[in-house]
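In what follows, structures are represented as structure tokens.
In what comes next, chain A is part of two complexes: it sits with chain B in the first one and with chain C in the second one.
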Partner chain A sequence: MTLRSKFSGMASGLAILCAAAAAQAETLFWSTQARPVEEAQAMREQVLAGYGSAVDYQPNEDGPWLTRLQAELQAGKGTIEVLGALHGNFAAMNPDDLVDLGDLGVAAESATFNSLAMLGTDQMQYLPWMQASYIMAANKEALQYLPEGADINALTYDQLIAWTAAVEEGTGQKKFGFPAGEKGLKHRFFQGYLYPSYTDGVVRTFASDAAVEAWEKFRELWSHTNPASTNFSFLQEQLLSGDAWIVFDHTSRLAQAFNERPDDFVAFPAPAGPTGRGFMPVLAGLAIPKTAPDMEASKALVQYMMQPETQIATLKATNFFPVVPVDLPDDLPPAVKASGDAIAKMSGAADANPGLLPAGLGDMGGDFNRVFVDTFERIILGGQDIRAVLDDQKSTLAGIMEKTGAPCWAPDAPSEGACPVE
Partner chain B sequence: MTPRYLPYVLILPVTLFLGVFFLYPFALVAKQAFTTGGGFTLDNFREVVGYWKFPISLKNTMLLAAIVVPVQLALALLMATMVNRMQKGRDLVLYVWTIPLGISDLAAGIIWLAIFEQSGFLNSMMTGLGLVDQPITLLGYQNPWLVFAAIALAEIWRATAIMLVILVAGIGLIPKEYYEAAEVFGASPWKRFVKITLPLLRPSLQTALILRVVLAFEVFAVVVALGGTLFPVLMGQIYSYQFDLMNGGGAAALALIVLAISVVFTLIILRALRVPKGATI
Partner chain C sequence: MTATDVSSGAAQRRSGHYLYAASVALLCAWVLVPLYFLLINTLSSPDTVNSFPKPFIPEFDWGSLEFFAGYEGMLKALKNSVVVAVLTMIMSIAVGAPAGYALSRFEFRGKGLFRMLVLLTRAFPLPLLALPLAVMFIRTGLDDTAIGLALVHTTLAIPFAVLITFSLFSGIPIELEEAAWTLGCTRFTAFTKVVLPLILPGIAASAIFAFVISWNEVFAAAVLTIENRTLTAFLLAKLGEAPLHLKFAGGFILVVPALVFIFAVRKYLFAMWGIANR
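On to the complex of A and B.
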């Protein structure tokens, strides 16, 4: 080895050591949220920059997120300080792996959210962090086809179908967009919107006659839906490209459209059916794994994330709304204003029928979603008989409910023990 | 060191590497597939095979392999013979043809999605030429065959080169004397290809086919990009068991099924294209 290569070897070794030491000093925030590059960057620069010490914000897909977390938990030794994920991610975890956060002195404003965060135990498994919902959005060019007498802020499913039909007649193209892609959130539409609006339930009423009617209506809506919807997962893309004019999706999956061309689109509440205007929240939470190396640092970061100013910064960065009381400033991005208005109208509507996120399913949350996705694929894409499919899927759903023993959640009527499929 | 032990010492690092990073994880996966909390059980297999999408995914995977691999084989043979005959620019052509090898399969899927999408290149071109009035949905659920064709096309474009490079190397090894002798006896080019190139190419064909068939059973990213949920394949099912359902046992069971299929086909190819003992080129 020459002297020069020895020197360069030493230098690079030193550099690696320094980098490792620097990484050690940062608090690792391991998240499934704010994954798009711009959002992750905004989290780092606008939200976490205000925190006293350095935070390494690492957003990941659900799979890798869980894989590393589980590896650390199994090893009994970790580097992850704080977890950020959806209610469903935490619900799938073993409660013993998360630290009780009840003594932090911070919590969400909503008692419902706080009790959801206990995940059926008697301690705070995670802290509600931020919330969102699913809304409708439309290209303003579609408004001319709105049926006579229909109020865009108080649509019914029948009016929505008539509207999409009129658009198809007027333009010759199917312009309703539905997130039926691989990563699309279609199951939430069925669980939180279609079923509550038509059956006033989700589990109990899964195979009821009202459910058959709901699927018939959806099939009608689907006949005016852009058939490429099976490739759509973030409807902001189709709004911007013009492939879809009227869409349903998660507020943060529509944000880009409103932020890029605020004057071209409108946001409005989800439609109503015979049993009200069903809708559902999205809840993300913060948690600390029991393997966190520095518990004090983890708790301090969680407390920082719950402060009103941080929550407003988070809203601007991710389009997820605060869960603590805040005074919203005037300089919010267009997407936040538009979706905030739509959510307010939706929850304030006289016929509002709010649903809750599935609870008590533990690691069967994915199986529960699959029941709805399979039902959709068989009835709508496969063209199978609605009654037969519902009766068939019903046994799978009943099996999941019995195995987990999960009690009913709103809008289903409360149950003793496992929620029955009637 | 005695020469007797030298070969074993030399392969020791590779053996260790395979043992630690392949055999050990493989044993873990197998264990996971045959257990559900308690002792030995076939529940995981019963569950994944009983799921209504399993026959569809199995059929789709097989069908895709059955269409894509023969087309690729024919193309790769054609391209390899052409390259072999070239006097000038041989390297350049080879480089260009192998470019798709350097592109990840997901990226390849996205490239083809950009072509076939509703607002993609193909639609823009057709509207521009006045062939259609407005963009049509090509990759919709009503056109399952078009979705299949798009996936097959993308796979052929992406992975033919891997067979090509193996076959080009194999053809290069065939001694020129055989061809010269054949020409003396007046054999046509086709006859020379069938009687000389193909038989002597057997070992390379074997390698290329095994590699390609096994990869065809593992097709995933291209399908996800182009077909979404419309075209379920076995690998997609494994992914959804592992990450959507967090059912590691089910994913492991499916992985073993894919492994079994791959092993069966490898054995078939090995047997069908075996080189007789003692025969060399």
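On to the complex of A and C.
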């Protein structure tokens, strides 16, 4: 090959590369949601394919997601056009870095969600995008052990414990599954379910006598829990493999079980305690970073994501429910039907005691969760004295609340200034 | 020597053979059994993957692999991975081998310190470095390019390249080079004519090491590339929460190219371990 032909080959190669780079003018959707391959694929093929122009949907783990975003913000030059993440992800960000979305003419149906999305400022930091919750699910084989007189749709914690005990007696195996694994969402169970159900609070009542009772009950429940639960993070896997018969988890982390074997499992509301049936929503939002290269394109995509048809497509793809009023079609996947029913029963129950996501904690959200995880590990796994652990962890929690100045959120009674730990 | 002595010696030798065979079998199983299970589960239907006990013969259900065949961007990510890994290989040898030669042949002040410092690039976790790196890359335009990511991977691979080549050069007596000089070679030709041919398999081995390091790196790849994702960054983040059967299939897809590569260059790897030409 002559030198000239080598050079011309190199030049043409470069030209092809440049042309390929120029052809990519997709809107970059940088998300922490719909990460599992199947969901990401469904987001592209079923949700974003209907949008007029091409969208590059890139789901990421929280670490790379935030690092990349921060890098673009610091560099002052971005490629990310639209952000999709959980309430907690946005709460940890600097409000100035997100564009005000109040003038888009779209918002969630729920005023609570819309005010959460302001993150304590006076503008829409993000738009509520989709919601989910945590529910219970059981293998139908476990139903025969249900205690007499117990209604699966109105269980109490005592009945749940009796049920798991009966299953253990009947099968010789501990069959309650709890997401206590590394990636499991155990802290949400304590914050949104156990504490509201026993203490009618989360922060104020953290170390109350009622909290001691709650942890005693949970210790009892743990004695009938599959000890391998400390490795469980997605209970759909254990439901399918039969390692767990009765489980608690995030709706989208149970979806696969219902979709693969819809006739084998039932979904039902979380149990109730002395102060009601505590439960907590999961809220994901859409935001635009101030470094978005094409603000108009970003806003158009956000508006598209909030259309009722898009929201229904998103529901089918991710098992996250719409936040705008929609007429749900009949052809929903089994998981959506099952979890939708359970959530409706849970929120419609006479003793419902809905909690809110922690708000106003800023980047201390992770530390807040840590308090609950540490408490769980010390009391349940370490077998330490409940009263002593709570009194000890209480000061950490109080420190977080004082440092952030976060006021109380439901079900805690409202506070002036930082929410006190009583 | 009595008869009993002979027979006990033979028995000892035989039991030694058994022990040797057993260790070999164990070591092979250590590597092969997980790979085999990966293969079986990749070629199984979701139901079988979730059941227990697992079958020992794959049922050749191509569903999981078909899913990835239709998954957008796989081939491009594979190409990016190869490009970045090859660039990393070239750059880490281009920088690492001369450094290794200098360490083994010359005395200079701060040599010990340099050998320590070269390891330091591995002392800081990438998540810590990724943010300032990404900011710099965005500003300089290196962001989202194969060469930019290869630079980062080269930094990670250099300590190994330096230390491996250092020990290789040290293994070649300086007398060989001196002899070449007396026979009319310059310092450079002595290197290319005498040292380089001896060391080539070792250099290839440390290049393979660089290749594997680049192939397996996730965090920097996930942060520093957007359009030009590598296969690991593209797949791994999404596999952690995928259903079990897709985890297996995705793992299989990640492992196979690396296996093929290692198999293709195994001769050089053996050379580094002193087992010549198998």
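We adopt the following convention: the second predicted complex is superposed on the first by the 401 of 422 C-alpha atoms of A that agree within 3 Å, B and C clash if a C-alpha of one lies under 4 Å from a C-alpha of the other, contacts with A are read in each partner's own complex, and residues count from 1 in each chain.
Here is the rule we use: contacts are C-beta pairs under 8 Å (C-beta built on N, C-alpha and C of every residue); 3 or more make two chains touch, one makes a residue touch a chain.
Predicted model only: the values in this text are computed from it and were never measured.
A.B. asks: May I ask you to decide whether A:Gly355 touches chain B, chain C, both, or neither, giving the answer as first, second, both or neither?
C.D. replies: neither
A.B. asks: After lining up the shared chain so the two structures overlap, which partner does A:Gly63 touch, if you call chain B first and chain C second: first, second, both or neither?
C.D. replies: Both chain B and chain C are touched by A:Gly63.
A.B. asks: Is A:Glu182 touching the first partner chain B, the second partner chain C, both, or neither of them?
C.D. replies: In the superposition, A:Glu182 contacts chain B only.
A.B. asks: Is A:Ser241 touching the first partner chain B, the second partner chain C, both, or neither of them?
C.D. replies: both
A.B. asks: Once the shared chain is lined up, is A:Ala71 touching chain B (first), chain C (second), both, or neither of them?
C.D. replies: second
A.B. asks: Regarding the shared-chain residue A:Ala40, is it in contact with chain B (first), chain C (second), both, or neither?
C.D. replies: Only chain C; A:Ala40 stays clear of chain B.
A.B. asks: When the two structures are overlaid on chain A, which partner does A:Leu28 contact: first (chain B), second (chain C), both, or neither?
C.D. replies: The second partner, chain C, only.
A.B. asks: Counting only touches as set out at the top, which of chain B and chain C does A:Gly278 meet: first, second, both, neither?
C.D. replies: After superposition on chain A, A:Gly278 lies in contact with neither partner.
A.B. asks: Of the partners chain B and chain C, which touch A:Thr79 in the superposed model: first, second, both, neither?
C.D. replies: Once the two structures are laid over each other on A, A:Thr79 reaches chain C alone.
A.B. asks: State which residues of chain A lie in both footprints, the one left by chain B and the one left by chain C.
C.D. replies: Looking at chain A, the two contact sets intersect at 61, 63, 241.
A.B. asks: In their complex, what parts of chain A are in touch with chain C?
C.D. replies: On the chain A side, the touching residues are 21, 24, 28, 35-38, 40-41, 44, 56, 58-61, 63-64, 67-68, 70-72, 74-75, 77, 79, 183, 234, 236-237, 240-241, 256, 260.
A.B. asks: Quick one: in the complex, what on chain B touches chain A?
C.D. replies: So the residues of chain B in touch with chain A come to 52-53, 113, 117-119, 133-134, 137, 139-142, 224, 228-230, 239-240, 242-247.
A.B. asks: Contact residues on chain C for chain A in the complex?
C.D. replies: Within the complex, chain C contacts chain A at residues 46-47, 50-52, 67-68, 70-72, 127, 130-131, 133-135, 137-139, 144, 219, 222-223, 226-227, 235, 237-244, 246, 250.
A.B. asks: Hey, which residues of chain A end up touching chain B in the complex?
C.D. replies: Going by the criterion above, the answer is residues 61-63, 66, 92, 172-173, 180-182, 226-228, 230-231, 241-243, 363, 366-367, 369-370, 373-374, 377-378, 381.
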